[in-house]
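Take a look at the structures below.
Both complexes below contain subunit A, partnered by subunit B and then by subunit C.
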Partner chain A sequence: MDARLSPHGKTASRVGAARVGIGGPVGSGKTALIERLIPAFAARGVSLAIVTNDLVTAEDAERIRRSGLIDPARVAAVEAGACPHTVIREDPTLNIAAADELEARFPDAELILIESGGDNLASTFSLDLVDWWMFVIDVAGGDDIPRKNGPGVLKCDLLVVNKTDLAPYVGVDLPRMEAEATAARGGRPIVLTNCRKAEGIEAIADKILSAVLFR
Partner chain B sequence: MSAAGGLGLLVALQHGDSQFPSGGFAFSQGLEASSQLAERLGAFDFAGFMRAQIRHRWAEADRVALVRAHRLRGDLARLAALDREVEASTLVEGLRAGSRRNGAALLTTHARIGTPGAAAYRAMLRDGAAPGHLAVVQGLLWQALGLDEATAVAISGYQAAASLATAAVRLGLVGAIEAQAELARMLPLIETGSAAPVADDEPIRSFIPLAEIAVALHGAAGQRLFSN
Partner chain C sequence: MLRVDSLLGASTDHSLHDRLHHLEHHGAVEVVKIAVADLDRRRLLARTEKGEEVAITLPRDQKLFDGAVLLLDDKRAIVVRAGEQRWLRLSPHSASDALELGYHAGNLHWRVRFDGDDLLVSLDGPAATYAARIEPMIEGGRVTVSEESE
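Moving on to the complex of A and B:
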């Protein structure tokens, strides 16, 4: 046997910016959440970079670059090859490489947000890619989403229920939806947001600061 | 395989498996563009596209770069020179950038799992000392893992065809079962292409003009599922 074929040792550890995933179905408000989080982190003195995974080319990345909220060079786009699950879970190498590149170009970066392409409730992040991740759903998607026990809802570190302002218009009992989500997640954290009015954003920024950046 | 017994075969299976994280799923090598631009560029059929890719790109360019990289036995400076030759011989930006990104993604996995040479070559990429084209990176890594030249070529050829078949399924061009039939029909072509001798200074050349035009047009259009 060739000695070089011996099983490898442990995987190498990584030192660098913390990486936070933001997943969730199409239209739930992931990009809007990022647009609100950018100033929230700036106010907290956190140096930020962003990777987006777009289903089609670089639509979300361009939206964030043009927002005027962040240096466009700090935003990288990764195409998902029609596989939004794969690019954050089974094969996160393109995202890891993009985050590594941002880290090399901006050594001051403390936090890299990685937005998944719009996906469904089965979507989860590989811990090879991120240190911590949240999953964004919205009330207009239906109040039965937490009851469906999708891995995204159950396994994320933080569940974000967005577009709370729409609840009365789509027949959603928001307190019940929150209670059912809390029960489904065994009491793990949930934040209700209305990204349009920046409601709930400070709570998410504080949560990331304490859970990921240990501040 | 240079390794005796079944371990070499198992290592080859591990590294030929599409589940091995390499970023390869995000690239269609012009298949998406060619299929969508068929009305402008002439008739398109998947089998013909795959044949052209294997015969006129993989066999004459990717395979040659892989074999030459494998023979350099981890000499990173000479690998970087070969890498630059691949860069110079790949005409279209979309295919050139895709090959670099795919190579960097494969290196990412190998650097994390500790394959010899991976971290050092990755550092050269980061410093701008090497572009990191996929075939060169594969030659470096698979040689370092003890896979012999013929096995490395077989994995490369199989992956080139299989990744096109997978992309075709995701693009809705063929069904998943028909894709396997197409892949099976491609295997003898890969075997034939593998048999051609490669000199140590063999030129890297490909001739896929329609696919290259399609990628160039598609890149400018901006709306696509795959990276190329």
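Moving on to the complex of A and C:
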């Protein structure tokens, strides 16, 4: 693990970077979404840093560091070691320390994206850790996911339905899935994405900007 | 859009109370209503009852609360009013029912408060959604349910 509790991580009484959580099941496209959001925020002049969570490796952090999209030093890895939701909800200390550390090293950072390890539909973020969070599901995971009323799907600030391009190949009626997700969430926002082709990414970047950076 | 990047204190603070009281007499204390579930956020866009947008960005060691003072000058003040908190009161009928209910509440990560023999569950969605999780206990007459607000 390269994020540790340290005195440098102590929170100062100043307004720091906005913190946005990205949760969702394994393989839904959380890291791919981040890889698309990095240039979208760069184009908007937003200084970015990233925390990734993995079970017992730094796989996602290494992938983003190697991507060439962002200074590798701006990417921190947290190894959850156990259930991923424990370090973003029950005890987010490690992630708070990682974000604090990034803020201390990069005072210009305006936004920190915190990617959870892949988890189940019950996974949610503590608002002690993030200011706003999204939950990523994908059409290949099954069009019944929105109907299952998982807390991740219901409580997130933004639901992202990824891999829309796969819908015809996995027998998913995308408009129906979107309608059911909208109904389950009581009309709260949903964005459809195809991260491979960067579809839907601009809408997400704009939503984050207005929700936590007030631009 | 008004930007607030720090809390000035509580409306009950001795140092703020007199000035707030004076402004209140002139109808110059505005209220921002914030849902209980949003009080934990350090960043959010809210709106006063008069319709002015307020962009709140707080340091990590500050937290919104009912009565938090966001703005105070000679002409006006803006104070946070927390939305209503709803609770689901669950009354187990026996010690073994209480034991099982406690297990479910923990497993479901519910936020709870204890009140004598009852468990109060903090609601941030429809009560029926919560009750559905312990339906066998309710249907079996082992737990009685009622909803209340504060």
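One rule holds in what follows: the second predicted complex is superposed on the first by the 201 of 215 C-alpha atoms of A that agree within 3 Å, B and C clash if a C-alpha of one lies under 4 Å from a C-alpha of the other, contacts with A are read in each partner's own complex, and residues count from 1 in each chain.
Keep in mind that, in the parts below, a contact is a pair of C-beta atoms (placed from the backbone, for glycine too) under 8 Å apart; a residue touches a chain by one contact, two chains touch by 3 or more.
Here the structure is a predicted model, which means the values were calculated and not measured.
Visitor: Is A:214 in contact with subunit B, with subunit C, with both, or with neither (first, second, both, neither)?
Guide: second
Visitor: Using the touch definition from the top, say if A:185 reaches subunit B (first), subunit C (second), both or neither.
Guide: Neither: A:185 stays clear of subunit B and subunit C.
Visitor: When the two structures are overlaid on chain A, which partner does A:15 contact: first (subunit B), second (subunit C), both, or neither?
Guide: second
Visitor: Look at A:127 in the shared chain and tell me whether it touches subunit B only, subunit C only, both, or neither; answer first, second, both or neither.
Guide: second
Visitor: Tell me the contact category for A:55 with respect to subunit B and subunit C: first, second, both or neither.
Guide: After superposition on chain A, A:55 lies in contact with subunit B alone.
Visitor: Report for A:80: first if it touches subunit B alone, second if subunit C alone, otherwise both or neither.
Guide: A:80: touches subunit B, not subunit C.
Visitor: In this superposed model, does subunit C or subunit B come into contact with more residues of subunit A?
Guide: Higher number of touched subunit A residues: B.
Visitor: Tell me which partner A:65 touches in the superposition: subunit B (first), subunit C (second), both or neither.
Guide: neither
Visitor: Which partner does A:89 contact after superposing on A: first (subunit B), second (subunit C), both, neither?
Guide: Touch status of A:89: second partner only.
Visitor: Tell me which partner A:104 touches in the superposition: subunit B (first), subunit C (second), both or neither.
Guide: It touches subunit B, and subunit C stays clear.
Visitor: Could you list which residues of subunit A make contact with subunit B in one structure and with subunit C in the other?
Guide: Correct list for subunit A: 11-12, 90, 96, 100, 128.
Visitor: Would you tell me which residues of subunit C are touching subunit A in their complex?
Guide: 1, 3, 5-6, 40-45, 55, 57-62, 109, 124-125, 129
Visitor: Where on subunit A does subunit B make contact in their complex?
Guide: 1-2, 4-5, 8-9, 11-12, 55-58, 78-83, 86-87, 90-94, 96-97, 100-101, 104, 128
Visitor: What residues of subunit B sit close enough to touch subunit A in their complex?
Guide: Counting only subunit B, the residues touching subunit A are 2-5, 7-8, 11, 19, 21-28, 101, 104-106, 108-109, 111-116, 119, 126, 144-146, 167, 170-171, 222-227.
Visitor: Tell me, which parts of subunit A touch subunit C in their complex?
Guide: Per the touch definition, subunit A meets subunit C at residues 11-16, 18, 89-90, 96, 100, 122, 126-128, 131-132, 149, 154-155, 210-212, 214.
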